[in-house]
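Contents: one structure, followed by commentary.
Chain IDs A, B and C follow the sequence of writing; residue 1 opens each chain.
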Amino acid sequence: MDQMKNPYLPELATVVKIIDETPNIKSLQVVFNDPEKMKNFRFEPGQVGQLSIFGVGESTFVINSPPTRMDYLQFSVMKAGEVTAAIHELHEGDVIGVRAPLGNWFPYNEMKGKKILFIGGGIGLAPLRTLILYMLDNRADYGDITIIYGSRTPPDLCYKYDLEDWASRKDVELILTVDNEYPGWDKRTGFVPTVLNEVAPSPENTIAITCGPPIMIKFVLQNLAKLNFNDDHIITTLEARMKCGIGICGRCNIGTNYICKDGPVFSLAKLKALRAEI
Amino acid sequence: MSIEALKETIGKVLKDVDVVIAYKEGFDALHSTPHFITSPEQIDKMIWNPLCVHNLTTYLPSMKNKKVGVVVKGCDSRTIIQFIQEGLIERGKVVVIGIPCKGVISVAKVLKAIDHKPIENISFSDNGDITITSEGEKKVLSLNDVSPDKCTTCQYPTPLIYDHLIGEEIKTEKPAESVYGDIREFEKLSLEERLKYWQGEFDRCIRCYACRNACPMCVCQDSCIAETRDPHWISQRLNLTEKFMFHMIHALHLAGRCVECGECERVCPMGIPVNKLKRKINLDMKELFDYEPGVKLDEKPPMFVFNVEEAKIKEHKI
Amino acid sequence: MAPAGFLSKKRMEDFLKEIGKDALVHVPVLEGNVVVFRPYGQNQTINLERPANAPPKAVIFPQSDTFFTFRFIKDPQDPKKVSVEINPPSDFPEAIIFGCRPCDAKGFKIYDKVYIEANGPDPYYMGRREKTTIITLACPAPSAGCFCTALGGGPAEKDGSDILMTDVGEGFYLEPVTEKGDKLLKAQGVAQLIEDGAKYGQEATKRQKDTHDSVKKPFESINYRDLSRDLFDDDRFWEEMVSKCISCGACTYLCPTCYCFNITDEKTLEQGERLRSWDSCMFKHFTLEASGHNPRPTKFKRYKNRIGHKFLWYPEKYEEIIACCGCGRCIRYCPVSVDISEIVSNLRKTE
């Protein structure tokens, strides 16, 4: 059997670095064992990969490092089920499997020349991170970049190293919030959708991209509508239980669309058009 | 009993409940199907005859948020008692409409008797004759010959618990010792012969879990070890070991709980006699603990209680 | 293509032995009261009278299939360093399905779109598909629940088969349908057992037509556009249709066109395998996420998905083909007699 064409065979990769992002989220930086594969690997911001822990199984995560920085691929994993628990047990140097890239991506070319509004919550910053870093690496192509990001408490904020960088940059506006007051926290408090209302960004020539817990997304979408954002200009990503990652196994479909293959990135206009059973 | 009396009772019960579960005609002359009645105009579609094979109480534990009326035969009524013994339903939320029953058909046995030919019509007479029209020809069968095994040794033709009883009580004429006759006969086989038998039967299992889902007493349902990864007791490999393991655990989970409604066996699309295992264990439980599932309201299943000393179990001297 | 041939029933066993020389032959066998496909062998009662309880889909799409085996290799210098070796299977066996029904064969055509044509070939499916020859028996009589003709199929439909056999009394009228089937019939050992079929053609056609006319039609024909989307999206409709469903997997596992699957790892100490196994959209855990969220939490949502997949989304994607062959098994063997043909009839727009 020709191994090159087997969509189910993972590529072996080594964990080169593990970052403790929050008490229950870790990031892995991985490099393919085959240097040729690493050299030739291409993906688009927003695409996902299936990580394999052999003997435990596979699970889907977004590649949250940008395609402009190809020393490694970064994935962030919140401990929830069997596979994520096993990933949390990994050490640097361990071998895992990777099937990537899978799925669609953010329409970053269509966003050129536009103002960009990122709205993220918790680990929902992961898919946004790949696009934020991509845009920062191609800064001249895009207008103002605003990032509203929140989590339950300050320790639950992901990518603190990025947040520090973005906060110090003049070409990015970073607005951080946590749900409630917290010792030593001197920035905003309140839920992300509320902060969005307070900030009240203009929909003028702006694309809003949001990802976070379902309940946050629900209210963010409502508030964006109130701010007169057009459904075509609102982009979000969906999650579902996935197995094959190539649009066959039958779990993650909404009608004819498979989140793993036709998603995970959808405009709100597209989502509304899907005859949804969400 | 008259179907009119049944319909009248259901009409009355429907005023106090969200839904009444009864039977209606199925996709062909040989099949009935559960009928969920939520409005009076649906009552007319219901039927009652020996095609009404399902144990409708199976739905009750998953309908706890509703008040439900349910039609039961004698055998089905044992499930209600067992549910109450185990605290799986609230008595006040279930209205039991009992029907004394002279026996139902086994679809598999009828099909065998008529050589699996398509059936155009089926009718039943009071003397137990079944008249079947198939390919234009009429054939008369006796209900006794095409009943499931549970009917041929039935001890409880009249429901043991009910709020409404439709028709006259029926007393059984079948000897009590006949109930486990087939099991005692099977036990005469050597261990090797029995193993070979079960290996042959379970080899056909396709792991559809119809037996589990049709079982009213299978309470784990969506957290069944057949699928859980934690604990990871059964793999997805398709081999005899895994199939055997599932059926053994299924049977052991029903030790002293199986009300012997036979649904597991009736629904198996691959014709595996899975109820036999459960009845074997029930026989052991009966001999050890004098306990028969789903018969007396004030009993507790033996596996639910701990007695320091059991009359029929000798302690090992240490 | 060779003209039609004739195989005497007396020579059927010789035929099976002959074709079994180079391939594993799967035949329908009577066990107890059920008919199942088994590798052809000794002490079997081959039953061609009625369709097998389960279709032979597992021959090409096994209920559990090894994607690859893996092995952990410890570095003897540094036991903490563990590398992994993965090995996919290298080959698949030659196989013949003998005596399945046209609906069973049509099921593979439904799979072909998904597993070969639309998404790039699935190496496991295609590996087996290419090596399998399908010898179908034209249905001698419909079974309870059959409704193939309403879906454009029929008891003598050739599409999907390599050879179509029709029982003409003392033997079978054999029509090669594909090159593969033609080749099998022309192989030396087989050709010796086959007589000229010309004089049986008329009888075969008559029998095929008689059966065709006796299949029940719950509706005349169907196009996915005929279904009412309003009704499809009405929760009350599903509640009425499938309150009785017990969420088991009988319908999906017996279905010649159901192809959803699971992927799991099974491990013993230092080695293991990654498996593809059948899964059922009727099971609650099918879409249950690790977070506890479930997009299809009720049996109504799950059954709706099953109908949607077969009658709306598959045809929308693949040339308007309905992903149901009307074999009737899900109706016949449903523990509570949920009738898919009734549900689809009810979903059709009333003119």
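Following the convention adopted for this analysis, a residue touches a chain if its C-beta (ideal position, glycine included) is under 8 Å from a C-beta of that chain, and two chains touch if they have at least 3 such contacts.
Owing to the predicted nature of the structure, the values given are computational and were not obtained by experimental measurement.
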Sorted by label, the chains bordering both chain A and chain B are C
Of all chains shown, the one whose Cα mean is least distant from the combined Cα mean is C
With centres defined as the mean of Cα atoms, the chain at greatest distance from chain A is chain B
When centres are defined as mean Cα positions, the distance from chain A to chain B in whole Å is 51
Whole-angstrom distance, CA centroid of chain A to CA centroid of chain C, is 39
Rounded to the nearest Å, the gap separating the Cα centres of chain B and chain C is 31
In chain A, the residues touching two or more other chains are 57, 82
Going by residue number, chain B touches two or more other chains at 229
Note: chain C residues in touch with at least two other chains are 262, 264
Listed in rising order, the residues of chain C that touch chain A in the complex are 67-68, 70, 72, 80-84, 86, 88-91, 114-115, 119-124, 127, 229, 232-233, 259-265, 267, 272, 274, 276, 279, 281, 286-291, 293, 295-296, 301, 304-305, 308-309, 312-313, 316-317
Residue positions on chain C within touch of chain B in the complex are 31-34, 36, 49-50, 53-54, 62-64, 141-145, 240, 243-244, 246-250, 252-254, 262, 264, 266, 275, 277-278, 280, 283-285, 329, 331, 333, 335-339, 341-342
Contacts from chain B onto chain C in the complex sit at residues 19, 26-28, 30-34, 36, 54, 58-59, 108, 111-112, 115-119, 200-201, 204, 206-210, 212-214, 221-222, 227, 229, 235-238, 263, 266-267, 269-271
Listed in rising order, chain A residues that touch chain C in their complex are 1-3, 5-10, 12, 52-59, 80-84, 91, 93-95, 97, 214, 239-241, 243-244, 246-253, 255-256, 275, 277-278
